[in-house]
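One chain, chain A, links the two complexes that follow: it is found with chain B in the first and with chain C in the second.
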Partner chain A sequence: MTEVADSYLEDINNDVCPICKTDKYLNSNMKFLINPECYHKICDSCVDRIFSSGPTKCPYQGCEKILRKNKFKSQIFEDISIEKEIDIRNSIVKIFNKTEKDFKTLEEFNAYLEKIEEIIYNILNGVQVKETNEYIANYKQENSKSIHQNNINIQRQHDIFLKIENKKKLINDEKQKLSKQLIRELQNDKKIANQQITNNLLNSSLDTNLIVENARKNLLKQSSARRKKYIEQTKLLQEKFMSQEDLEMMNYSNPGLPGFRKHRLMQQQATMMSPFSPFNGDRSVNLPFEVEEEYFDPYTSNVIKDAQYLAGGIRVEQIYKKSLFEAFFGLDCIIKEEKSA
Partner chain B sequence: MTKKEQQKEKGDKEKKPVTTVDDLYRHSTQYRLWSFTENQLKERRTKVNVQGKRRALKKLKVFCERDDNDHKFETSRDLLQLVSEDEELLEVNYYVDVLQKLSSQVLKLPSQVRATAVAFLKRFYLVHSVMEHHPKKVLATCLFLAAKSENCFMAPKTLAEYLGSKTTPESILELEFTLVQALSFTMLCHHPYRALHGFLFDFQGILIHRHPNGVVVTRKDESTGEKKKLRIKINKDRIMKGYVAAREWADVSLKGDTAFLFTPPQIALACFLKVDEEMTVAYLTYKFVKDQHKDRQEEGGKEEEEEEEEEDSDDEDNPETKFDNDEEKDENKTEEEKQKAKEVEKEKELEKELEKEQHIQFYKKMIKTLRSCIRTMDSVRGPTLDEAKTIDKKVHYCINPDKLLKRKRQEGADGGQHDAKKIKLEG
Partner chain C sequence: MSDIAANYTKEKKVGEGTYAVVYLGKQVKTKKLIAVKEIKTGMFKDGLDMSAIREVKYLLELRHENIISLLDVYSSENGNLNLVLEFLPCDLEVLIKDKNIVFQQADVKSWMLMILRGVHHCHRNYILHRDLKPNNLLISPTGEIKIADFGLARSLGSPGENLTANVVTIWYRAPELLFGSRHYTSSVDVWSVGIIFAELMLRTPYLPGTSDAEQLEVTFRALGTPTEKNWPNVSKLPWYNSLKIYPPPTRNELKNRFIAASGSALDLMISLTQLDPAKRCSCEEALQTVYFTEFPRPTKPKDLPKKSS
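And then the complex of A and B:
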């Protein structure tokens, strides 16, 4: 019981602003904000109240950090340490923003990534803060041009990505509309066809079977024509919304791989072309036996009749093959000769 | 050299090596860790025996040096009877027998589990001596672990209930890790049962489906002792009967060193050979010699002629002493063949001859292996009940030296009284 009560209390504490003691329960519009300087939680009205007149100290007791109102933001992760790490990571990655393309070998790129992680770790855990900050400042100075350029590139790619995503969404919406329309039309056709059949049956002197058959054929023709039209329309959609320019941009947002990566990928594909051989050699295709369709065996014939086994995916050919395989599994391994060496 | 090996060599030269079914077996732990030649087995057993003797003496010494008793190591050492290498083997064989009877008659376990348990027990005593762990205890753990690894789980509690009052779930689990470690963590065992099942199918495939008109066999006339070639039809009932009988022999094969010296398919074929020699030999000749050859050369006219020739290989199943004669015959015939072949295509014919020779060689090797497998199966000797009892007593005292000394002291103390009683009774 106490545990439950404790957690309940904690919940309450989580929902109460530690400065003005306002409860979220009473004021559902209340939002908690944090400042990346010290990561103390303060409600939005307090922020307005305390920081509107300019930067001041954090209202938490013992916290001497000077906070500015414009740096406050809402918390994304429940765990403050994660929130903190993400912030640091974002700021670092903005500076260390080289891509795979900027490196000649994979090793160099990996070393670069490793360096970034090391910096983040240092800042987060307060290890060698001075040296790390110096390193960052130096790097920033040395590479200011490329950092700027890369950031612009990243931004542009992101913009293009958003644009294309929007277009894709539009296309999908249109497609859905069309498919709904198609279904409606098909149903309509069917109704009309049924009516026609009844009319014809009442009025004409033809054979009833023939009438029904004709009507059915007509309906099929109609529906297939409609389907064709639908497919054409969906194809047109793609062209209508995605201009040539967009397609080019799509390629731009997915830039090609750097040389070393391409090379490796090609190698991988080459090895993937041949079947996987775990024993340093290809499996012999010519097995020393042939599996026939049926054998006389009381044991397996019982199994085939049993629905339980069949439902489990057991097939009699598999049993035959497996048993036969085991029959030749090491038949020609003469231990006496092979092991004595 | 067999056909497969040659294929492999060719493959090496041309492109990538080929992994045959046999190569797959060569990668199994059963082949890598638990297959030995006879000499290797013997060496291992000697090593284990020496190690066991040393441990038993050490145990006695440790016990004597404890403060709570006044035994002297020098004197009590003579009292301790150590187990010899042969006795050790007999003891293991005895408990393998016990294990088999227990699992088949009392526990009614599937044969796969039984075989695995036996394999575990035998493998364990290639690492540890009976003087270190009593087989009675190890046996229970083997059963438990085998059931577990063969997907037929039995709770240690249930198993302990079957095994009598001295076995508790704790005593079963106590040795589990020791056992697994002794097995080098290799739990997968291959047994002849599945191979037998496979041969049941392949016998049908070769002897019935491929040759619906019957197969040619050599039969010895009982009265005259002459060999005759006959064309007989083998029906499925005969194969089935052979299979059932061979399964029983597969049970027997678990006992001795067969599983260490031969591969499961070899043991399976040897079992078939033992129960129905005629059928098995027919299968082997057709499978490895006649059909192999026919596949390549589909000329109807030649078939019969060839069959007659190949009949020679039939004889090769008979005791090895005959081999030399048969080989000579073969050579004679191949010479005649060559002369004929000159007229047609010399090289092709030669190649075929070579291949055929290889097939026959492979067949001979197979038969030889199977015969020696049968000999190993037959040579298994379990101890008599009295022998087993005396060995078991020795083993018991080696493991528990304190009990031995206590017993001896008691005997010493009331030995005189015993004699007095005896005399009285006789009197």
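And then the complex of A and C:
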């Protein structure tokens, strides 16, 4: 591993093939490929040239790995160590592919995940490689049936997911088309209405305000009808594209919670049952007075009409409430009791 | 020295402001940690500073688990006024700035709940705080929020009385104050709470203006310029003049700004930050919104994130 990292660091000029020294600057079509055996970077024409006649040694000096042409791939991550880890992870997860549902408790499931990480770390860093490989082989043998079944399930769920996503996209496209159409229609209606108003104003003897008012009402009616139709149409889309089967599959791809999660959620809900009080049980609901709508108070009722007061958010009923509150303030306090407490 | 002074020790100076020095100390009898705020006298020719009087006047009256408690007041031998307050080691600003802490939705909810409960208690007693900001929201060792610094507090004005518009730290100042209104209500505090809510979600000040004029600009760019249409009589306010008109933000724009906010969180924020104070919700209404009752439940104070040391 350190070898790989070193050679990667040496090769600071990323655009030159270390084998044939071709520069990407001169040949913009050039692609770099790597092989998951040793992760050495080689340009595609070198790969063609060296490995066409069958598997052979990696052209890097000191690298004794035998490489095959069909294992070469283009690099996804810039950091080669991440590329390597992802490759290892993918291959391990295909074997250790149990899901939450296969475990009874969260602890067991977490232990399983921890074990996977440990294996990946070991392989990546060359720790206890022999033991780890043996462990993987054993596991594979013992669980061959379930591994196969799980992989099939995963693939199937993925397919369903893709299919449903596609349909959702279709529905969205249609919706967009409909909404564009709606906007067009509404604009059109407006244009026609305006024209009508002008015509009526020219020809009819009715009152101008009345004409405008009528036209406006008609337009409003028309547009609300169009909107209603639009909403109905969008509703129909769902039924049109999503068959009953699809909806069921959507449920299938999102199966119920595994046992222990359900259990935990129920516990959570049980604690939720204890009542929540936003005021922490401390809210003055029953005031010892009722605020009436009007009082004889010429001063206040005059002042309160001032724009300065209105703009500041002051309202007359609040003033009355405050006055009453202050009148009753402290009447329910018994100082002796408060002092002793 | 008065008898009360003997009940408390001053051990370490922890801070100094323009009008007070704060000491860390203990209550002799119980060994409980306390803070003593010694008000400097003599530097004002009319006796005590106004804010000290306000602080004592209102804190003595208010008793609530989300408001800092004033345990005692005494005068020391040099004639200075001493306020014995409960000891609160942290404040919300410190937490917001601490990038090592991740805020969960339930945490923000819990803080909002405590802030609103405290402010509600002030408002139902007709007291305006007028300087709500994260820096003045202290946090007890058990995680509870305590509203502090009542140096600008006053009781709600009566008709005919003029209030000063020059209150609240500028970033948290409500639009009616920015327009110089002399007659306002508890809704100025509600605005501050709304801006604090936004800050808790963004982890950075929501409307950071550098001057009065720029604050107007920043506020209205984010929330739309008020007009006679959405805020009747606004144009009569003293400092309302030819403003640049920004359209109010659509719900979608707000949603993009506050990505983590749930629908009801956004609803609450919108009603806390209504431009027209008459349309802004009260603390009582805010506490009754779905936001507080829906899932997730507010975090218990003791489980809230703490300052990473």
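Just so it is clear, the second predicted complex is superposed on the first by the 257 of 341 C-alpha atoms of A that agree within 3 Å, B and C clash if a C-alpha of one lies under 4 Å from a C-alpha of the other, contacts with A are read in each partner's own complex, and residues count from 1 in each chain.
Basically, a residue touches a chain if its C-beta (ideal position, glycine included) is under 8 Å from a C-beta of that chain, and two chains touch if they have at least 3 such contacts.
Everything numeric here is computed off the predicted structure, so don't read it as measured data.
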Partner chain(s) touched by A:I314 [first = chain B, second = chain C, both, neither]: second
Partner chain in contact with A:G330 - chain B first, chain C second, else both or neither: first
Partner chain(s) touched by A:V303 [first = chain B, second = chain C, both, neither]: second
Partner chain in contact with A:S284 - chain B first, chain C second, else both or neither: both
Chain A: partner with more touched residues, chain B or chain C: B
Those residues of chain A which chain B touches in one complex and chain C touches in the other: 279-280, 282-284, 299, 322, 325-326
For the chain A and chain B complex, residues of the former touching the latter: 274, 277, 279-284, 287-290, 292, 295-299, 320, 322-336, 338-340
Chain C residues within the chain A interface of the complex: 64-65, 113, 117, 120-121, 124, 126, 156, 158-160, 176, 179, 181-185, 187, 231-234, 236-237, 276-278, 280, 284, 287-288, 292-293, 297
Interface residues, chain B side, partner chain A - complex: 2, 4, 7, 11, 16-28, 31, 35-40, 190, 194-202, 204-205, 209, 236, 239-240, 261-266, 268-269, 362, 365-366, 369, 372
Contact set on chain A toward chain C in their complex: 272, 276, 278-280, 282-284, 299-300, 303-304, 306-315, 318-319, 322, 325-326
